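Have a look at the structure that comes next, please.
By letter and in written order, the chains are A, B, C and D; residue numbering begins at 1 in each of them.
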Amino acid sequence: MSSTNGKIKIGFYICHCGTNIAGIIDVQKVVDYAATLPNVVVSKHYKYMCSDPGQEMIQKDIKDNELNRVVVAACSPLLHERTFRNATSQAGLNQFYFQMVNTREQNAWVHLDPEASTDKAMDLVRSAVNRVAFHKPLEKKTVPIKPDVLVVGGGIAGIHASLTLANAGKKVYLVERDPTIGGHMAMFDKTFPTLDCAACILTPKMSAVKNHPNITMWTYSEVVSVDGYVGNFQVKVKRKPRYIIDDLCVGCLDCIEACVYKEPRFFDEFNQGLSKRKPVYMPFPQATPQLVVIDPETCIWFKTGKCKQTCVEVCDRKAVDLNQQPTYKEIEVGTIIVATGFQPFDAKKVYYYGYGTYPNVYTALEVERLINASGPTSGEVVMRDGSRPKSIAIVHCVGSRDKNTNLWCSRVCCLYSLKLAHLLKEHTHANIYNFYIDIRTPGKMMDEFYTRISEEGVKFIRGRVADIYPDTNDEEHRRLIVKAEDTLISEIIKVPVDMVVLSTGLVPRDDAQDVRRMLNISCSTEGFFIERHPKLAPVNTFTDGIFLAGCCQGPKDIPDTVAQAGAAAAEALALIDLGYIELEPNTAFIVEEECSGCKSCVPLCPYTAISYDEVKKKASINEALCKGCGTCVASCPSGSIKQNLFEDEEIYSEIDGILNYKMEEALC
Amino acid sequence: MLKIEIEEAASKQWQPKIVAFFCNWCTYTAADLAGVSRIKHAPNIRVIRVMCSGRVDPQFILDSFAKGADGVLIGGCHPGDCHYQEGNYKFLRRFQMLRRVVDSLGIEKDRLRLEWISASEGDKVRIVVNDMVAKIKALGPLGLPVKYKEWANEMNVLESEIAGKEEVYA
Amino acid sequence: MIVELDAIRGVTLDTIYDSSEGTLIQTCIQCGTCAGACPYGEYMDYPPRRIIKMLQHGLIDKVFNTDSMLKCVNCYACMMKCPREIHLTEVLLQLVKEQTVIKLPVVPPELQKALENNYRYGNPMGESGRKRANWVQTSTVPIRILSQNPEPVDVLWFVESYPAYHPRGQDTCRAIAKILSALDVDFAILGNEEKSAGECGLLSWESGLAEALVDYNMAILSKYKFNRIITSDPHALDAFNFRYKMYGFKPNVTHIVPFVMQYLDKLKPMLRKTLGYSVTYHDSCCLGRHNNYYEEPRTLLKSIQGVKLIEMVHNRINSICCGGGGGGMWLDTYFKSQNMERLSDIRIREAIDTGADVLAVVCPYEIPRFEDALKVAGYDKKMAVKDIMELVCEAMED
Amino acid sequence: MPDKPKLAFYWCASCGGCEESVVDLAEDILFVVDNVDIIFWPVAMDFKKSDVEKYADGEIVASLINGAIRTSEQQEMVQLLRRKSKVVIAHGACAQYGGIPGLANEFQKEEILKWVYEESPSIINEEKVRPQLKYKVNGSEVFLPELWNVVRPLDKVIDVDYYIPGCPPSPKLLKEAVLVLLSGNLPPKGTVLAPDIALCDECPRKDTKPTDLAFTEFLRPNLHIIDPEKCILSQGFVCMGPATRSGCGALCVNGNMPCTGCYGPTSRVKDQGAKILSSIASNVSAKTEKEIDAVLNGIPDPVGTFYRYSLAGSILRKKVNI
């Protein structure tokens, strides 16, 4: 126990955190108790330990009392360990002579009985005081950061993050699954609350991405594997065959004209199926890149092997290549921004709203296309049956705030419903009814927007729609009755309308779990990617070097998405420009003279950091590759592998502390 | 009635102590999340943070029991979700083996528990901890340090025995 | 989404906030879906949403002094659509109903009589208990009655009152007996020993009566050895699955439709006759919304040759109640006095709109209700109301 | 030669193999006899307790005690020797960790007595007679030592200075120990007088062990033939070598049998069984609970396998639910 040879002097501090901790834990009792523990020479409490005066108090005590160890009982180490380590090191002590006790998140906030809470705090303080005596001075190791960045997803979040980074001179790989970038925003008609034309503000950014010398844009591509760690990720990208040679296609669309299918007859994804496309198609006129794509699912050549291949013939640049195979690109990047977005809630899941049963029930995204000048009806609101609506019901909260579907509020539906109400009114002069539970319009100019839409004569009915069914009084059964309780007047109302718009919520993408696994990041229970800290690290993930932007993290509107994309880019930039990242020194090492060379540890390391030296006949650990999980340490049969920060003695001393175990008991 | 009161009083005095080893990335974060969400649970667990459930050495578990823990809980990431790829599988294998040893040495099954709790499952921390505390309360204390002392008592009687025998010899 | 039964046993309106259900009620967002989903919501001074708010504000006594809850037909529509999953029909509304009836100056006489009959004779129509098994004599296949032959049996068929006494119910019974015997099922009935399962008492706000019937039937059932119970009455199914379990009686109970579905492979080759009907199917509230059997009856119908299934506008979770539940069976006169249209009349128009030849049902209340509604509707084309079991049986005949 | 250092040997709960290792010194025993005065060695010469009692406290230079402590007599004797000796050495696996007799800690005392005197198939004892602690014969009372409930390693009963591991210890280690004692240049108290590195270090099959161990099944040497060339562990037989001190020269492996762990763990390990368990289980290739269990079923007696010598000295010591 060499670490205890010198005189250990421990300073102990407990934080009140206002009343967060002191409201339930008797801090005075803990302080008095800590003072009786071995090696503790200072024991104090303070209102806010993380504040400047709190940190200064520690530093002053280190100097005045020659403290050589510090224990702070406060919030979770995941929140403020760094703060107190810095304070410790600024007073000239090695920062790893510090140990933190989680007294808030895992104690004061989760228990009700002050006595039990105080007991628990004392147990853990004893444990930390025990442990810190074994701490060793360590240095953080630094890893260089590769300057290139991978951005996954080419919606507005990915676009904005890519441009920010590229403008700062960094090389960006933007990988988009679809044939074009643009994401959901490209489908929108106008944006709330300013009613900017979505295409007008988005398409310049799309072409900026395309033309930026620092951006490598890979559309119709998917990230298939990510290995490595912060600063040094190895990424494999699959480029799906477009059956068009990128460099040769000039986007003349002659091949589309020449296709053996004379009429478009397949589901057009971009227009939500409201129009049709051919197997060879351009997703939409402003698609970026301006390249056509051949869909093997619908192309007769791929389905039957028989086709005149008129598309190949017509292309004088020989850009059509039906034998194209997927290609794989391997890149090395230092940081990754995940901007994989959301998908709209499947409205069929609320069976009684009749989506998919009644043709005049639409989803909001369909209506976006319907009112868009470049949409399937050129902006004319003509319904599936060819008629034009004179009355429209907009049903809020479809798939949101509902235990039967999704619990969360999707945050944008109220405002886009208001926007659609305005646009539909403008296009059709119809009577518009918004059926809502609560109107939620937080944010700049948002409630003003609500006022404006109200002034336009849009009607608001406070009540969640309970039933939608055809009006039997209507000869053609086209008209629908929307039934709800107007809860403000306590009347059951049945409103006959021509068209129903379902304001569907935002849900995680179906493959979010696969993406999460590939990147080794976490999801909340509902499936959105989880940020490292909701307030203090909103774009970080638990994996260093991977950042989140946009709706993959949770529903949000365009301004917030862009802000978050900027923040994610800034976080990446901060790492890149620093050039290196400091890592916890919790790596494992093998004491050579103790190792028998049994090789049991070698296969256990997922990072191949352990190798066997055939000459010395011993195993050794490459510190640069070790991530510090400690699996080999726990498995070494002769106890010859140790882990910095988590040495056996340190953990045993914690156990002793928790259980208030005295060595003399061992003699029994 | 009286008996119940006595039992209640007894149970109030004795509170099980559970040593928990939580991995930094999933379960420790989940326990923090339970805090941030103010999800109340029994105050009987004492968490030791490790980077990965793969770091949990069976010795730590046995040591905890021997030093007075009434239960040991290990929390790691769900299979497939390990921050270090496969540390949780490695622990699971050890756990399955250790469980057999611990069983045959007479420590009840409910005292040793492995749970996969992801960073977002704050409420699962509550469910698991409360359930484990309830089960251990039903079992009563394990109290190995006390047992070891009791075992040692048999050696203390020797001296008087010897004295007695020597008298007889005399 | 049936609630944890033991958790709510003994809960009263005074103690409801101490239960987990009370916590749920606190989460009501007053969206009004319950009121909008309620088939009689527009006739209630206090539809479920307002009841919850009144309860939250401690003003619940006002609710008891109206007849709002008399209009609840226990159709589970509000409960199934509630975005907070509050167990309205299962828990809250029942508690309110009971108080309402206690405070009612005059109980509608039709209902009063039905409850009395149930208490005295074990069936709501006031028939003699000794005639309960009379229909057996008209069966074309032998039916074992346990009191005469108490040997252990695989399947105990709980017949229930409407099937046992009502002439159309007896038609269904004969069909079921034939099907069971064709499938070689070892079955028997309780015969005259059986009394109403008590669901009607329970949901028509007479928990005392319900408990008396529960006690009686539990004692009778415990006399015999059997593996499982089947019944053709979804209300009896609900009583067993919901109320009996609270009293510790936990048999394996299935409705006849899912039961027969288990034998579908064996049954199909027997359905040799082509019927040539277009059929529309009415989802029973208890079987559909409350027990989640939406597709089984439809699959069974579709396995009959020559049956073309047409859906009504409201189907599955969105189905409209026939109006017979929750005591509605004996409140038609009262509903009429309130200028409320009978729900069976509303529903039959949806059935007529489909142009179907047959309205298929699975609940013994529905045949008489819809046959009556058909007469009122004055529908000139001939439409028959038949239990699915009758149709299956018909298809079995060569 | 009045100045020759006095040496005592004693045996407790053991098979006597450690005493054999003294004899196995062969010609070296002459060296020992030349240099020390063996004043107490019940297995070889007729000494009485009173012979020891007559020495002054600390007069004996060293006592080498083998065997675990299970009876009142053993306790009494080792306490006496402790008083009379400067140095006490736990001699062999039983004294160090309880050894094979320590496996009795898997059972309660009553279970053992019942089996041995009543239920064992080789016993005929219809009256169910059990040994009595006191018995009167010819007017005087005779005594038997009492069996304790717990088998203990020596250091749970008396203070122990050094340990010589092994079942039995190799003569080489014993000789080195005696040399160290005679030299007067004593190592720190508590030292195990064997190399502090695992057996693989000196295993002749070390090079044949692969670096990608992944167990899909476990085999037992009584049922399967062991390849005489390859690493035994890698063949799926539990070999304790990686968790066991070296010093024996890999005797068992040379005899084509797996190491069973008699030299105990290295100084860095508290619980040999837990450590080898951790290592071996971690390298099982299965991933689901069910598959893992299927592989682990190949080790039907994990306590007897991993704690063959060390149960009494392990962290848990004994089956705990008395």
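By definition in this document, a residue touches a chain if its C-beta (ideal position, glycine included) is under 8 Å from a C-beta of that chain, and two chains touch if they have at least 3 such contacts.
All values derive from a computational prediction rather than experimental measurement.
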Selected pair, greater C-beta contact count between A-D and B-D: B-D
Distance between chain centroids, defined by C-alpha means - chain B, chain D (Å): 30
Centre distance in Å when chain A and chain D are each reduced to the mean of their C-alpha atoms: 58
Chain A and chain C, separation of their C-alpha mean positions in angstrom: 48
Interchain centroid distance [CA atoms averaged], chain B/chain C, Å: 51
Where chain C touches two or more other chains, by residue: none
Residues within chain A bordering two or more other chains: 604, 631, 634-635, 648, 668
For chain D, residues that touch 2 or more chains besides their own: 269, 275, 278, 280, 282
Chain-chain contacts as defined at top: A-B, A-C, A-D, B-D
Interface residues, chain A side, partner chain D - complex: 593-600, 602-604, 612, 617, 631, 634-640, 648, 667-668
Interfacial residue positions of chain B with respect to chain A in the complex: 15, 17, 19, 24-26, 28-29, 31-32, 34-36, 38-41, 43-44, 46-52, 54-60, 63-64, 67-69, 80-81, 83-87, 90-91, 94, 118-121, 126, 145, 148-149, 151-152
Residue ranges of chain A touching chain B (in the complex, touch as defined): 76-79, 102, 104-107, 109-113, 116-117, 119-120, 123-124, 127, 517, 520, 522-525, 530, 534, 542-543, 586, 604, 606, 627-631, 633-635, 643, 646, 648, 651-652, 654-656, 658-661, 665, 668
Chain C partner contacts - residues on chain A that touch it in the complex: 351-352, 397, 401-404, 437-438, 462-467, 469-470, 472, 483-487, 490-492
Residue ranges of chain D touching chain B (in the complex, touch as defined): 72, 75-76, 106, 141, 143, 146, 148-150, 157, 269-271, 273-275, 277-278, 280-282, 284, 286-289, 292-293, 296, 299, 302-303, 306-307, 314-322
